[in-house]
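Each of the next two complexes has chain A plus one more chain, namely chain B in the first and chain C in the second.
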Partner chain A sequence: MSVLSHTASAHHPVAEPSPFRRPVKIGLIFGAIAVYIAVVGILPLIDARWIVVDVVSLGDAALIAIGLGAGAAVARRRAPTSSGLAPLAAQALLAGAIAGGMLAFLVIAMSLLDLRPIFIALSPMLLETLTFGLGVPLGSVILIVSGAVLGVLGAALSLGPVTIRRPILIGLSFVLVFGVFQELIQIMMQFGELIGDLRETLYTWEGLSLTGAAIIFVLSAGGAYLWTKSLRTQFHDRMAGLSPAQQAHVRTAKIIIGVLLVVLFPILAGPYIGQVMMLVGLYVLMGMGLNLEVGLAGLLDLGFVAFFAVGAYTTALLTADSPHALAAWTAIPSVSYWVAMPIAVFCSVIVGILFGIPVLGVRGDYLAVATMGLGEIVRVIVQSDMAAPLLAGAQGILQIPKPKIGSLELSDPVSLFYLTLVSSAIAAYFAWRLENSRLGRAWMAVRDDEDVAQALGINLVKVKLLAYGLGAAFAGLAGSIFAVMLTSIYPSSFQLLISINVLALIIVGGMGSLPGVVVGAIALVGLPELLREFGEYRYLFYGAALIIMMRIKPEGLWPSVTRQRELRAAAGELEEEEEAQELGAGVETPSFATQGLEK
Partner chain B sequence: MALLEIDAIHVFYDNIEALKGVTFSVDTKQIVTLVGANGAGKSTTLRAISGILHPRSGDIRLDGESLSGVAPHEIAALGLMQVPEGRRIFARLTVEENLAMGAFRRRDRQAVAEDKERMMTLFPRLRERQKQVAGTLSGGEQQMVATARALMGRPRVLLMDEPSMGLSPVMVENVFETIRTINEQGVTVLLVEQNALLALSIADYAYVMESGQIVLTGRGKDLLDDEKVQRAYLG
Partner chain C sequence: MSDAAVSRAFIPKLSSLSRFTFVDVVLWALRIGVVVVVVGGTIGTLIKARYGAAQWFDFLVFGVTIGSVYALVALGYTMVYGVLRLINFAHGDIMMTGAFSGYFVASSFAESGFLDTNPVLAMLGILAVAVTTSTLIAVLTERLAYRPFRRVRGLAPLICAIGVSFFLEQTFRGAFGSGVRAYPDPKWQKNTVDVFGFGVPLVEVLVVAAALVSMLVLYVIVQRTRMGTAMRAVSEDSDTAAMMGIDVNKVVVFTFALGGAMAGIAGVCYAFVFKQVYFFMGFTPGIKAFGAAVLGGIGSVPGAMIGGLFLGLVESVGPALFLDGIGIPAPYQLRDLIAFTLLIMVLIFRPYGIFGERMAKKRA
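For the complex of A and B:
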């Protein structure tokens, strides 16, 4: 892979201050992405999934997107001095052609060398697909030409007026979503004759039909066009015309609709979606907890899974119908889930505080290592033979009963999802209140500057231990639900990876932001579950997502207010410095000085 | 009895003796300054007073009560508020929120609101920038935020560490003007400063430090005229 890109980059002159330098670079980057997904085997995998049956596969879509992306990147990043569309078109063409050229290079390399022993994914079938079944020479030419065309299209698209660009993008996204998630959507469309007919129009049994894709594109793009063109302003005008009370009603209505959608969705979409949503819910719970620690208090914690385990094990020990349950060998009676859950949360808080004590004085990177060690210690203890008589060791605790409300047993994924949803809602309320409390402010002060926080009278020990304890409460609640979801728990369920996942999701969602936790959990937990065949590549996508986020949107998908400010502040400082350099120091100072002296 | 008494403190960094028996005191409503070259032990003294470093021997007393063994955040609560070296404002919080942090230990909301209003009068510039993120302010404005933040804690002694650092000359004069104003309003100030000329000119009483010891004491004005001081610090 690296060999390929090196050879490819040797083609372009090194120190040429020409307008083509950037397009070449962009083309190489996008080409490298295309080559990479082919080499590691993502491309063949996603190529098996149709978006529009017999027309476009997900693999095709990915390559098309790469071509368009190269063009768009050129258009977006063009120097403000460059003028005229013709040079830009040439640049976009060049970027696209280089991206396509790198794929062509891969194709040629595949045909000449036997790369399979190294890269198992580079099969003859992939070669066949990449050359459109037309043989290597012609296929390579087509790759380069189509790359060039896509580059120009991408640039055109990204420069086009928003009333055109947005509908096209929205239309394409809808087709993509309806195509990729065709199984789930088809399941959802199974009842009702009318809906059944609609389904048959849109779908064949293995994916979207061409007619279906066209209908979806036209409808969504058309809708988006009307919305951008006129409906939106009309809507805003009408909203502005309403009295504040009415506006508040509209807002409430929106929230109610949103809540109804979340509540009804798993019923419509079936148990599988319910299961996925529940998993997302558990991660949201954990994310909110870790967010208190990392996002608000700035205490990096890679041992978070320990609290999740404590919640799960406490619930199991208190409720299970197993020889390891406390009821089986102590005087403690077996309790219902509703009693066990608060106890589990309480135990997690205690463990959280105990966990915090040894790492109180540890800062920064060392904190990450120390907490990771603590988390592993908890797992290893649970797994050990020494603790086996108490905690069942590697065998795990089985037969944890499902929670019951009266005679109703919450046994199916959908009802357990509701349990998670209600718990998350309550937890979110607490998290929100905490964030805006005195304690929340103290956390933020500690995060920003520990020493100054202390000098202002904030008790570091208390505040930090509270962060660990309260953060742990959320994980304990999640663990408690996790135990009844699986009805049996094993130490192997509580790996370091869970801590890393939770941390990743709050980073992607936006540190310190509550809605960000939800967005991050959907993106990093929900989506990979839905695209299960990519499970193998899950952590590859995680890594890529994290890197891309840090490069493009470091504040996260849904950043918190302070975080946005911080980044804006950084940009502001930069401007100020530049200003100072340009104007010479002291231009602003006299005005301040006089003002100060006036008093 | 002085408000703040530093009584023969010895402070060590591992085995290196940073303070070799420093003794001085700060009287109520005075400006007392600690001047000296870099590394003389000025900041170490401040850190000992604020409870971050513990003297191996000697004592620090506020109003006659020993501060030894009192945690740093409790010392702040007792009324020793700091304007730290390099300002160290909360860069991503707004000016207002920074001031609120200064009043973290206070529960008297009404009085806190009044104090905030007083700060806005003292620093009109901050009133304009109340809602602005503190990190975007100029150095001088950040110094105002740090000062106002400390004042929001109603300090019995305001500990200022190198307030002139990194500011333009005009701004530095302004900072000292402010210190004088604050003092006239009744706040006791302990000022640690490398800029001896300015510090001595506003101080009621001054102590000159050298290698962890106090080598000269006297009224600010007197030291300003002292030949030795002039040669050593004022060039």
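For the complex of A and C:
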């Protein structure tokens, strides 16, 4: 880890032979990204979603972002010695033009050759969109020119002062969010006369209107401008002026508001959002479980889906109204969900421990492959005819009743979401307590160095098996809820992909970090679910997210405090910073001032 | 745990029965269970005598065929692991890229009739395209995804490799569609060749021959050329090799290229045996081939070849021999189960493989 953060952070540009070599390279990289999203079929897909109706689609936005990004990359990574804005503008122009030129090249190739039989996404419609309906020659020229212009703009934006750049970016992101999620936002804005009027100004039937976009941009950018300019410092001064007790009050108030938002949101936003949030909740549950194994104990488990399956199947077998249920052919009576759930969790724990025993002596990357093999074995067995009399094989178990509280049946997504929420909250409490317990610290010791941990008297067998068992408990709980959510389960629902999903979300969120799990689940499960047409590209994003996170931000989006400290200490930054603070106490050097703003 | 500690913990001696723990019981139950299934199943099958000599021969030949494909893929795992200590999780998908690119050439050849009129040239052309593609992609993944992790220990490189695997699969899915595409099936491939009085499909003979030739070439490259010597030196100790003036970067790229080329050949062979390609096809053979590489002792080139063949044989003969005998219905559904069980048993009980002792010391 230590070396990784070194290579990531210590990127010192060296004197270059030619000032145009890097812009060319950057242009080629960004152009390749543009061509890639076109060839893979993402571009035609997102082009169908408007941000501002009849003005900008998500596809246009992506291409614009690529052009701006090329320019910004040129400006960002320029050697500190290089002087003058004119050469920089020329470099950014070149990078943008090359990026546009690669798209133009694709356009020309598409018009000359029939690539459709091989690349299914390169349809005539895409050609039409990419050339703005103006024909190939003119369209290509426009692509190159607009690339160049965007490159310069991007460089200018990147070099401009933060007080201007940030409001613009924030304003644009607000427009993006309000435009892309227009359906959901419009549903939420159906209450009341006043809100209804507001909705009509912002939105047309199909999406965000141009006036609406302008209003949102001005409001959010203006707000952001004021915030960066003065309010932020005022706010921090005010906060710093409060007594510790008052600060604690503010913190509790924040938490209460957050909880209220989460609880009330699905009621306001309707069943679809409820469904999505419930799915996010399930993945949060599983993420917390895998987090115990991977994040705390360092046991990379790719067979995690097996525990999820055990939870689901146990619940199904105990409660379902089907010939495969245990009640149908054994003396075990059919039980209610509330009895079945603890049993399911218990069974998962047992399976987790049994699963852990054989792989106790296996380490690191071998462990990943071994656990994946175990997970696949579980799936193959469940799917086979051999286990069919017991587990119903590929037909699955049907008619699992919804849980009931008294006479109230938790049948709609929103009420099931509350079940998930309560379970997640309880599970999160356990996870949080575990993390700070003796066991949690033992896990971390094992993660960092097994041999040393053992030498310190940690019982490796016990500690590791507890990691598997407790991790499995979370997955079993999630599986149990999953079974009643779908009311029928099939072996095909328990693919290796789920293990990878969960792994990806805790890595994106930050290994070993509880809030990170939530962030990761929202980013990797919630977002793709909301942008439904992306469904088939979800795993492409997962793959890319894993690679990019590991390269750029291995600690995750919301890293745990310990992890962050470790990584920084490893990179030698902590000492430096402490030293700097000691030296420069009270004296603010210019570089520190800008750093503060950047952050 | 060092090797000694592992053996103390997991291989109880009579004198240490007092320390026989629950964990040992489970591990011994696992061992005994597998042995009982294998021996009991074999006896049961042989008593039942459901399969004739011709069928057993078919199983064997198919096992050798698929095993030689596994061996080709396993070589890529083993060489990369030897040089970088990295499980190139995406290696199976690199095989898929070879099979896919070969598909487009093969289907155009089949359409023009070239595949029937000039089979030798056509097959060489398909192989050339497949090898070029997979080599290119293997080198690219090394450059873009793995190189930044060259000196990183821990889980990061493996997680990145999992990401690469998904990225490749989904890129191919997006670009070429998610459907299963049928590989061309020229008539001449169905001709049978007489081997020991049994008819064997020509395509299987060709696959085995192609695999053997490429493995021979690879062996010569690794053992006799300067680059191969450098590769072995880096795999032994990369820091010392660098100090001796070996360009480690070049060696790593070369290793990926070599592994990619083998995967490309394997991809075409696999596709011609199973007659179909789709974006996820590389995953399972990839995992199995990794198992084969571990089985033969990871880092050992001949080990990977033998491990691959062994795995192919067990997987092909296993369902009929072990599972049919104990009365399991539809044993062929459990072919992957046998392969994965073998993989796990190897990882648990002999992580240094059947031959390798050298690498085990380094891993510990």
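The rule is short, and it goes like this: the second predicted complex is superposed on the first by the 552 of 599 C-alpha atoms of A that agree within 3 Å, B and C clash if a C-alpha of one lies under 4 Å from a C-alpha of the other, contacts with A are read in each partner's own complex, and residues count from 1 in each chain.
As a working rule, a residue touches a chain if its C-beta (ideal position, glycine included) is under 8 Å from a C-beta of that chain, and two chains touch if they have at least 3 such contacts.
A quick note: this is a predicted structure, and the numbers were derived from the prediction, not measured.
Of the two partner chains placed by superposition, only chain B is touched by A:452; chain C is not.
Once the two complexes are laid over each other on the shared chain, residue contacts for A:188 go to neither chain B nor chain C. Contacts of A:444 after superposition on the shared chain: chain B is touched, whereas chain C is not. With both structures placed on the common chain, the touch criterion links A:149 to neither chain B nor chain C.
Looking at the shared chain after the overlay, A:55 reaches neither chain B nor chain C. By the document's definition of touching, neither partner reaches A:335: not chain B, not chain C.
Between chain B and chain C, the partner in contact with more residues of chain A is C. In the superposition on the C-alpha atoms of chain A, the part of chain A touched by chain B in one complex and by chain C in the other spans residues 451, 454, 460.
Of all the residues in chain A, the ones that touch chain B in their complex are 438, 441-442, 444-445, 448-449, 451-460, 562-563, 565-566, 568-570, 572-573, 576, 585-586, 588-590, 592-593, 595-599.
Those residues of chain A lying in contact with chain C across their complex are 1, 3-4, 7-8, 36, 39-42, 118-121, 294, 298, 300, 354, 357-366, 368-370, 372-374, 376-377, 380-381, 383-386, 450-451, 454, 460-461, 500, 503-504, 507, 536-537, 539-540, 542-547, 550-551, 554. Residue ranges on chain B touching chain A, taken from their complex, read 50, 52, 71-74, 76-77, 81-82, 84, 88, 90-94, 97, 100-102, 104-105, 121-125, 133, 135-136, 138, 140-141, 149, 153, 168, 170-171, 173-174, 177-178, 181. Residues 1-2, 6, 9-10, 21, 23, 26-27, 30, 86-87, 104, 145, 148-149, 151-160, 162-171, 173-178, 287, 290-291, 294, 328-330, 333-334, 336-337, 340-341, 343-344, 347-348, 351, 363 of chain C touch chain A in their complex.
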